[in-house]
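Okay, got some structures for you below.
You will see two complexes here that share chain A, one where it goes with chain B and one where it goes with chain C.
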Partner chain A sequence: MFRIVIACGGGIFTTSVVTEQVKEILKKAKIQATITPAKLTEIASIADADLIIVTGKFGTDTKNVADIPIIVGMSLLTGVGADEFKVELVEKIKEIQAKGAN
Partner chain B sequence: MEVLKMVIDLFGPTVFVPVVVFILSLAMRVEASKAFRGALYMGIGLTAFNIILGGLMGSLGPIVTEMVENTGVNLPVIDIGWPAASVICYANQVGMFFIPFGLVFDLILFATKWTDTFHPTDIWNYYFFVFWAAIVQFATGSFFLAVLAGMLLNLILLLLADWIAPSMECYYGYQGVVSTCFCSINSVPFAILVKWILKKLKLDKINLKPSELRDKFGFWGEPVTMGLLIGLAVSLIAKWNMLGQLESWATILITAITTGAVMAIYPSVSGLFVKGLIPITNTLNARMRSGETSRKNMYIAIDPAVFFGEEANMATGLVLIPVMLAFAIFTPGNIVLPLADLPALPFMTIGIVAVMQGNVFGAVIAGIFWLGFGFMVNSDVAQIFTEASRAVGAIPESAGSAGVTSMLVGHNFFGWLVYKAFAAHESIRMFTIGIAFASYLVVYFFFRKNRKAWQLAAGATEEYFAEKEALWKEMEGTKN
Partner chain C sequence: MAAVQLHTDADLLALSLEAENSEQVIRTLGKKVLAKGYIDEEFIENLLAREKEFPTGLETVYPIAIPHVGGHCHQSFLAVAVLKNPVTFMAMEGTGKELPVRCVFLFGITDPENQVEVLKKFIFAFREEENLKKIHEVTDEKEALKILKMLLEDGLVVDAPAKGVNA
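So, the complex of A and B:
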């Protein structure tokens, strides 16, 4: 199963907002995945995930132990550019899944 | 009124909070099914939280008491973190009342242009000031005074937000949003003062490399590690004279694992609780961004989590974690044991870093004093906050005499000053409350008169104002 980590400062509020919407996107795209909340301060040491989504535009340059790709999900929080993000997210997941299959 | 009070007491916050939130969501035109699901989760989150908190307090509470008795390390008040403080706050009468009341109050303030900040989109963070209103009720027994105190703090908060917004926009680069979380911006006036002093001393040119600091101090920001280590340290100190016994070691290790475990499950449980307020935030956010409201100066409130990860901010906050642990031990009169809010310290430096426009050296200096002295005000109200928490059933009997507080919520000078004014002796209370309101009004009018100068002092740039002016003219042009 695909493993997503969604992270923000406290791993609670904006993380929950984005999680709700990612769940809906995945449901529509028929992708099965687990979603775990996290704090930005934990990103560096997360090893067991396939994709990390951060809710602000910061933190994408963090060096992660397992080189997990990090993308910005801020648009799901504010609504600005949310439709583009939906497409981008599904494409990204499919790309990672294809890589894993090889 | 009597009947209503009886019913509220009988059903308790786990039933009433969801009911209030559900009705409010419907009034804000949230879809009924979404509103219902959200409200339900809020009640579930509240219940779950009491269980988690019970686990932490039941394990760490007696140890902390033992530490105080056996060694004289006097830190009997456990920092249970902002997620717990929020739950306790909203489970309180004033907290419950302030969710709908504060929302309406904020809508009026924005519509009348008393403020340029649209606060209701950050309704989740109301507890940062409602906390102080709740303890005013505990100190005075008056619901009316508590609500009045909450209103004054709400006004002060919005003044700070209007003041820092351009600077935050310049530095963090998010357009048209501002943090209205009290813990993130209550430091703004102090940070401006420190910046001015550093400039006079010609120390404003020193800078530190934020990315290096962030990587070096990253360890301090890992909640589980911090939980384990602090649980271990406290129980080691508590059992210092009994280290020869096997039982002592069992207690020490069990306590460490328990504190680590609580830190690990905090986000999941709090995640349930916040679900109740998410539909309201989303609906209001969508409405504000649909472009119906157009004003030259307008800032939409947003949760500070989106500013948290900025390099200089994270570096500043992480460096301050070990510093604050040292302060907790050495600040005279401090009784707060920092724990759950330590990894959240970068929330408290967001405003300071904006004022310093990313200068980590200046931000750390300002942060050390601001947060260090914060222990004094926090210690002063810890006991009454503990009573407020007991009243909503958040602390189990087994916790003994240990108290609770939160660093993010309790380290707040404005909250403390307002609390002191409202909780003053009855003979002078009218007078002190009057002074509090008058002081706010004076500062408010000076700010409105010298807006741009104040915002420049807070770190905004001249270019920002020029750009905004040009953009506004363009918009005016297309309208005609």
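So, the complex of A and C:
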């Protein structure tokens, strides 16, 4: 199953709110995925996920060890650009799934 | 299982606050919460440290800040400061963007899994310009509490303020 990691500074507040919304987006798009919370300090070393959604800085030079795609989910908090993000998220997941299938 | 509610009351509000920087605002609110016994002193220091590394400025239509940190919290709460003049908080996104913030919401979260509903309500409520405007223009504690209760509904418990608490 597709594995998503959602990370924020503390790993509590913004992660929970973003997780709830991502769950709804996935449900609507009929995509099955597991969602795991994490702190931003942990994401560089995560190796077992297909996509990471962050709501905070992870540094432009913090590349994830396993080269897992990272997208910024701030709009799910501020509402600014949230609709576009929802579309972008679904497209990104499908893109990654397609790559994995090859 | 009932969601664990956030507690607030007039003592946890700082309206028309004058402050020079984000640290002052956080300390002012922190002291109020400490006076109630909801947190330990470490909470405030952790909050400041976290804010430096992972800032909590949100670029909503009227920018706000949502400082929060886990641990050293005995009772979930919400403390709010509405400032006379904007104070700089860094944007959560980490781009180094400085946001002029006039409303700061300090959260004490003890049970994130069961409190996600009220946090969601908060985020959704304050995405709306109309709600942001309301809280920015509030003039007294009663009005502020009314607005917060309306937006957060069951997630918020408005207590009667303790008598003689001077924060």
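The working rule: the second predicted complex is superposed on the first by the 97 of 102 C-alpha atoms of A that agree within 3 Å, B and C clash if a C-alpha of one lies under 4 Å from a C-alpha of the other, contacts with A are read in each partner's own complex, and residues count from 1 in each chain.
Here is the rule we go by: a contact is a pair of C-beta atoms (placed from the backbone, for glycine too) under 8 Å apart; a residue touches a chain by one contact, two chains touch by 3 or more.
The shown structure was predicted, so the numbers you read here are calculated from the model rather than taken from an experiment.
Asker: More residues of chain A are touched by which chain, chain B or chain C?
Answerer: So, of the two partners, B touches more residues of chain A.
Asker: Should A:G79 be classified as contacting the first partner (chain B), the second (chain C), both, or neither?
Answerer: both
Asker: Classify the contacts of A:T34 with the two partner chains as first (chain B alone), second (chain C alone), both, or neither.
Answerer: The answer is neither, since A:T34 touches no partner chain.
Asker: Pick one for A:Q97: touches chain B only (first), chain C only (second), both, or neither.
Answerer: Neither partner.
Asker: Look at A:E42 in the shared chain and tell me whether it touches chain B only, chain C only, both, or neither; answer first, second, both or neither.
Answerer: So A:E42 only meets chain B here.
Asker: In the superposed arrangement, which partner chain does A:C8 touch: chain B (first), chain C (second), both, or neither?
Answerer: It touches chain B and chain C both.
Asker: Considering each complex separately, which residues of chain A are in contact with chain B in the first and with chain C in the second?
Answerer: Chain A residues touching both partners: 8-17, 19-20, 40, 55-59, 74, 77-80.
Asker: List the residues on chain A that touch chain B in their complex, please.
Answerer: Interface residues on the chain A side: 8-17, 19-20, 37-42, 44-45, 54-59, 61-63, 74, 77-80.
Asker: Using the touch rule from the top, collect the residues of chain A that touch chain C in their complex.
Answerer: That would be residues 8-17, 19-21, 40, 55-59, 72, 74, 77-80, 82 of chain A.
Asker: For chain C, which residues are in contact with chain A within the complex?
Answerer: Chain C residues touching chain A: 50, 53-54, 56, 58-61, 66, 68-70, 92-95, 107, 109, 112-113, 115-116, 119-120, 123-124, 127-128.
Asker: Once bound in the complex, which stretches of chain B touch chain A?
Answerer: Residues 82-83, 124, 173-174, 177, 211, 215, 218, 221-223, 266-268, 270-271, 274-275, 278, 281-282, 285-286, 289, 302-311, 314, 318, 343-344, 346-347 of chain B touch chain A in their complex.
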